[in-house]
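Read through the structures below before going on.
In the two assemblies presented below, chain A is common to both, partnered first by chain B and then by chain C.
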Partner chain A sequence: MLALQILITGFAISALYGRGAVGFTLIFGVSGVLNLSHGAIMVVAAVAAWASASFLGFGRYGGAAAGVLAGFLLSYATYFLVVRPIQNSRAIPRDEKEIFVLTGTLLWGIMIQEAVSYLFSNTPKTVLPLLPGVVGIFGVRTPANEIVTFAISWLVIGLLWLLVNRTRRGKTLIAAAMNPRGLTLLGFEMANIHRTVWAIYGVLAGIAGVLLGAFLGVSSDNVGTLTASAFSIVVLGGLGSVSGSLIAAYVVGYLETVTAYLVAPSVRSVPVLLLLVLVVYLRPQGLLGRR
Partner chain B sequence: MTDAPSRRLLPCAAVLAACAAVAAASASAAEPIRIGVIAEAASVAGASIPNAAQLAADEINAAGGVDGHPIEIVAYDNKSSAADSVRAFQRAVQQDHVAAVIASYISEVVLALEPWAGRLKTPLITPGAASDLITHRVHDDYDHLKYVFHGYLASTQIADAVCDAARDLLVGPLKMTTAVVLSEDAAWTIPLDAEYLNCLPKIGLKVLDHIRLAPDTADFTPVYNKIEDEKPDVIITGISHVGVQPTVQWAEQHVPIPMFGVASQATTSTFWKDTNGAANGVAFNMFSAADVAVTAKTIPFAAAFQKKYGVTPSYAGYTAYDEVYILADAFKRAGGTDADKVVTALEATDYVGTIGHIQYLGTDSPFTHGMRIGAGYISGLLVQWQDGKQVTVWPKDVAVGALSFPAFIKLPQ
Partner chain C sequence: MLRSRNVWLGLVALLALYLLPFWVSGYVLGLLTVAYYYSVAAMAWDLLFGFAGEVNFGPSFLVGLGAYTAAMLDHYEGTPIWLCLIAGAAMAVLGGAILAVPALRLRGPYFGLVTLVAVLLLQNLLVLFSGITGGEIGLDIPDVLSVDDRTNYFYALVFMTISGGLLLGLSRSTAGLILQASGQDATEAAALGFNVAKHKLAAFCISALFSGLAGGMLIFYLGTASVGTVVDISVGVQFIIAAVLGGRRTIVGAAIGSIFLIVAGEILRPLGELSTFVVSGIALIVILFFPGGFLGALRQRGG
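Up next is the complex of A and B:
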């Protein structure tokens, strides 16, 4: 019974972590940007879904759509207002740009966090579940929304796989991750590819935020933790590797759930951090990292 | 006409010292008395504190202030941090020259400020922190810490109020016999839990388990699973830093056990929307509520607050409002803002506020400078969220509704 409970809860949480981290790793792989405003974008998506459902009367589906749209728009804003100006700046030396982007997105995330807490307070908000009610799975009372979370997560990841592996536009993303210089020589516009990847990222982060809001609830205080959790999953899986991130998401999700159930909920993140230290020490490139 | 000011200034230049003295004297006639308010501006419970204090100050000033001096509220956001609060307290006293400070609903913050109130000899009242240690420290080191007053109840007293309500509502009519205590790990819940474990068996609720949550817990599924396995009749809560998430997950997972006890976030009117209505059925302790005339001042205050700020005050709003009046009254009786005289005046407080009849206990009580509780002074209420409204269900003489639970709750047969 307990094992089954751990299996089901761990599945839903891992799926959620996976989708949050895939967008994060995609951006890094393709455009070399570590977006530290990741958590803030997820929180805004969730809060937008909550606010539009409870104040504007959008309902549960309208609210969820508004949340994803908010994630998408904010991702674009992050790219055009923060990342792109730094990348194009002549004042910043070339080899310092990465650190500027890192700092810039971190500060941007803090600004968003403060804005959310100013407008909506730091009390956690919960998004209306897409599917209310509970179902019994072999005697485990499971909220229907947990199944929806799981299904949507895999649907989105499946679509992403199709996009990247089966479409021309998607293939250029892989090429850009492997050898941006070669791609430019072939006449592809890198700015165009970056716009595409930020758009995909925005939708992924938006969906992740909305589902997280419905599953656990989010508050502006979670911004740092969400970024850190995506970051550790991505480091564990190998920076830039999508499948590595997915595997790492399941490792982290299950490790946390098992700890929460068998040891104590208050120490759920401890074994993951220990594992992270171990991985960085023994295999710094991560599980499936290329470098 | 235009050279009139300069003509007046000219002699001033000659007798500068005398003029300065005159200027100072004329300014002090209308000089405001400042009260510092240090609170958690981003949290719903904390945001009520400066707002309620401002409302009280506006009313006092409209009625002529304290012997002609208006009250000025200087608000500081402590970002829920003890370190920020200490800096704010130092700034309030040393730069902004406040006469007293009203601070925070977090026990850790107030415990950090307590020695500073003593060092800087500035009266400090907390409208919402609950740890018993706040008053015990005053008792043990009165000479240094006599500046600290407890404007909210101590955890032990709150636990007793919850037990009284549980006896009348759960043990009597619903025949409940078992409970699990679920609290967040914080300074204020240590004495709360100790008293729960002491008073629940006395009223006939056997405590099957005692769970302390990390305040950053986000997924409560394992906690609820564990509790369900133990099959208690009720979950007795002690939560303040968490609230929305455990409530939503309780409703979403259809945990069939009622939640009853202290849930600070549930005291605010925004809680219903924050939880998308999952709050339905949550029963919690309060000492004043917007729908109950605890005293003649309760409902008018809640209405004025709602009119001005759009939400009903959190529990710490009622107390913060009372405390500005209590301080104003103490300044008046002390004939000024001299800290030691104000402390003596505060000790003699006999004031009917929004939460009841307020008197502070003396050094003979271990709760020195805590509030006197019991019939005729401060006594608790039990309020329940029912279809978007906070309905007071206990005690009988002020109740406006009856306890009722959502359909997924299974009550003992």
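Up next is the complex of A and C:
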């Protein structure tokens, strides 16, 4: 019974973690950017879904759509206001762009967090579940929303796979991750590719935020934790590797759930951190990463 | 190199800081006391980042180790303050050496993550063993450096002056140049016959030494050690922002940045919750438009 409970909860949590991390790793793989405002974008998506459903009367589906749109817009804002100016700046030496992007997106994330907490306070917001009700799976009472979360997660990842592997535009993304210079020589505009990947990222982060809001509830205080968990999952799986991130998300999700159920909820993140240190020491490129 | 005019400017500013207690209230002095301790941690971070080229996301790991070692010795054993500080610094150096091992093997984001995880682990352990460490409420410390605002202010200022002087001297010395070379191109520096590993290890230990001391001094000033004031990631982020804001690779810039952050936060206090928003916004604008920070802008105007 307990095993089944762990299995189901772990499944839903892992699916959530996975989708949050996929966007993060995609951005890194294609444009080499570690976006430390990731958590803030997810929180804004969830809060936008919550606010438009409860104040503006958008209903549960309209609210969810508004949340995803907010994530998309904010992702574009992050790219155009923070990341691109740093990448194009002549005053910043090339080998220091990385730390400037990290510091810049970090500050941007703090600004978003403060703005959200000022406008909507930092109390947890729960987004209306897309599908209300409870379903019994082999005797374990499971909220229908957990199943929806799981299904949407995999649907989105499946669509992403199709987009990247089966369309011309998607294939340029893979090419950009492998060899940006070669792609430029073939006449592709890198700026165009970066815009595409930030758009995909925004939608992914938006969906992740809305589902997280419906599943666990989200407050502006979660920004740091969300970014840190995406960062660790992505490094565990190998920076830039989408399938690695998915596997890592399940490892982290289950490790946390098992610890929370069998040991104590307060220590749930400790085994993950230890595993992370171990992996980084022994296999720095992560599970499926390339050096 | 900074022109001699700027050196004079710096000395005059430092002198003004020493004379400040004759004019301003105890409240302002208390604010600046904290800023000085923060600035030592920020300068120590700049030694690692600006010179050794190592992005340490967890400066508060080193500060926290020093602070909690000192706090627990004082709380449970009643050890004299100076001994607590030495023990705290020694513990921080040990932590720095542990961080240095992955730094020699890993690059960029991977090393950044290890330092981030180090902070999270320390934070989790402190909360987990809250019976001994006081957990999230914090640990009260029976001894304090002094109860007088001015005395505390001078302790902090002297500590900052000495640490800043030592770090600045070190960064300008031959060892500092070798460190800078290994940070920019480790292979080439090694090919020129310099021991990169030795210099980087030393940089970590020195940075940790000053961070740990700053942490120890800070908690003996505050009279309490808590996760929120010395370990939390947001504390570490403040050191990083301060160093980048003031001008990286300058040591002095980190101190200016720390003082600016704390003073700006205080001036903007009437804005309430929005003050952090505005301070982060200012820092972001500086990073985007004046990547050299305050000192970089000053230097550009001078030449």
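Throughout what follows, the second predicted complex is superposed on the first by the 291 of 291 C-alpha atoms of A that agree within 3 Å, B and C clash if a C-alpha of one lies under 4 Å from a C-alpha of the other, contacts with A are read in each partner's own complex, and residues count from 1 in each chain.
Definition applied: contacts are C-beta pairs under 8 Å (C-beta built on N, C-alpha and C of every residue); 3 or more make two chains touch, one makes a residue touch a chain.
Here the structure is a predicted model, which is why all the values come from computation and not from measurement.
Enquirer: Touch check for A:147: first (chain B), second (chain C), both, or neither?
Expert: After superposing on A, A:147 lies clear of both chain B and chain C.
Enquirer: Check the residue A:281 against both partner chains and state whether it touches chain B (first), chain C (second), both, or neither.
Expert: A:281 sits against chain C, while chain B stays out of touch.
Enquirer: Which of the two partners, first being chain B and second being chain C, lies in contact with A:86: first, second, both, or neither?
Expert: Touch partner of A:86: chain C, not chain B.
Enquirer: Given the touch rule stated above, what does A:163 touch, chain B (first), chain C (second), both, or neither?
Expert: neither
Enquirer: Thinking of the overlay built on chain A, is A:266 touched by chain B (first), by chain C (second), by both, or by neither?
Expert: Both partners.
Enquirer: Which partner does A:117 reach: the first (chain B), the second (chain C), both, or neither?
Expert: The answer is both, since A:117 touches chain B and chain C.
Enquirer: For A:73 in the superposed arrangement: first (chain B), second (chain C), both or neither?
Expert: A:73: touches no partner chain.
Enquirer: Go through the superposed model and pick first if A:13 touches only chain B, second if only chain C, both, or neither.
Expert: So A:13 only meets chain B here.
Enquirer: Report, in rising order, the residues of chain A that make contact with chain B in one complex and with chain C in the other.
Expert: After superposing on chain A, chain A residues 117-118, 266-267 contact both chain B and chain C.
Enquirer: For the complex, give me every residue of chain B touching chain A.
Expert: Contacts found on chain B: 42-44, 47, 185, 212-214, 216-223, 225, 243-245, 248-249, 252-254, 265, 270, 273-276, 278.
Enquirer: Using the touch definition up top, name the residues of chain C that touch chain A in the complex.
Expert: 49, 55, 102, 105-106, 108-110, 112-114, 116-117, 120-121, 124, 127-128, 184, 233-234, 237, 240-241, 244, 273-274, 276-277, 280-281, 283-284, 287-288, 290-292
Enquirer: Spell out the part of chain A that touches chain C in their complex, as residue ranges.
Expert: Those in contact with chain C are residues 34, 82, 85-86, 89, 91-92, 95, 98-100, 102-104, 106-108, 110-111, 114-115, 117-118, 224, 228, 231-232, 235, 239, 266-267, 269-270, 273-274, 276-277, 280-281, 284.
Enquirer: Can you check the complex and tell me which residues of chain A touch chain B?
Expert: Per the stated touch rule, the residues are 2, 5, 9, 13, 50, 53-55, 117-118, 121-129, 132, 134, 141, 143, 145, 216-217, 219-220, 222, 225, 257, 260-261, 265-268.
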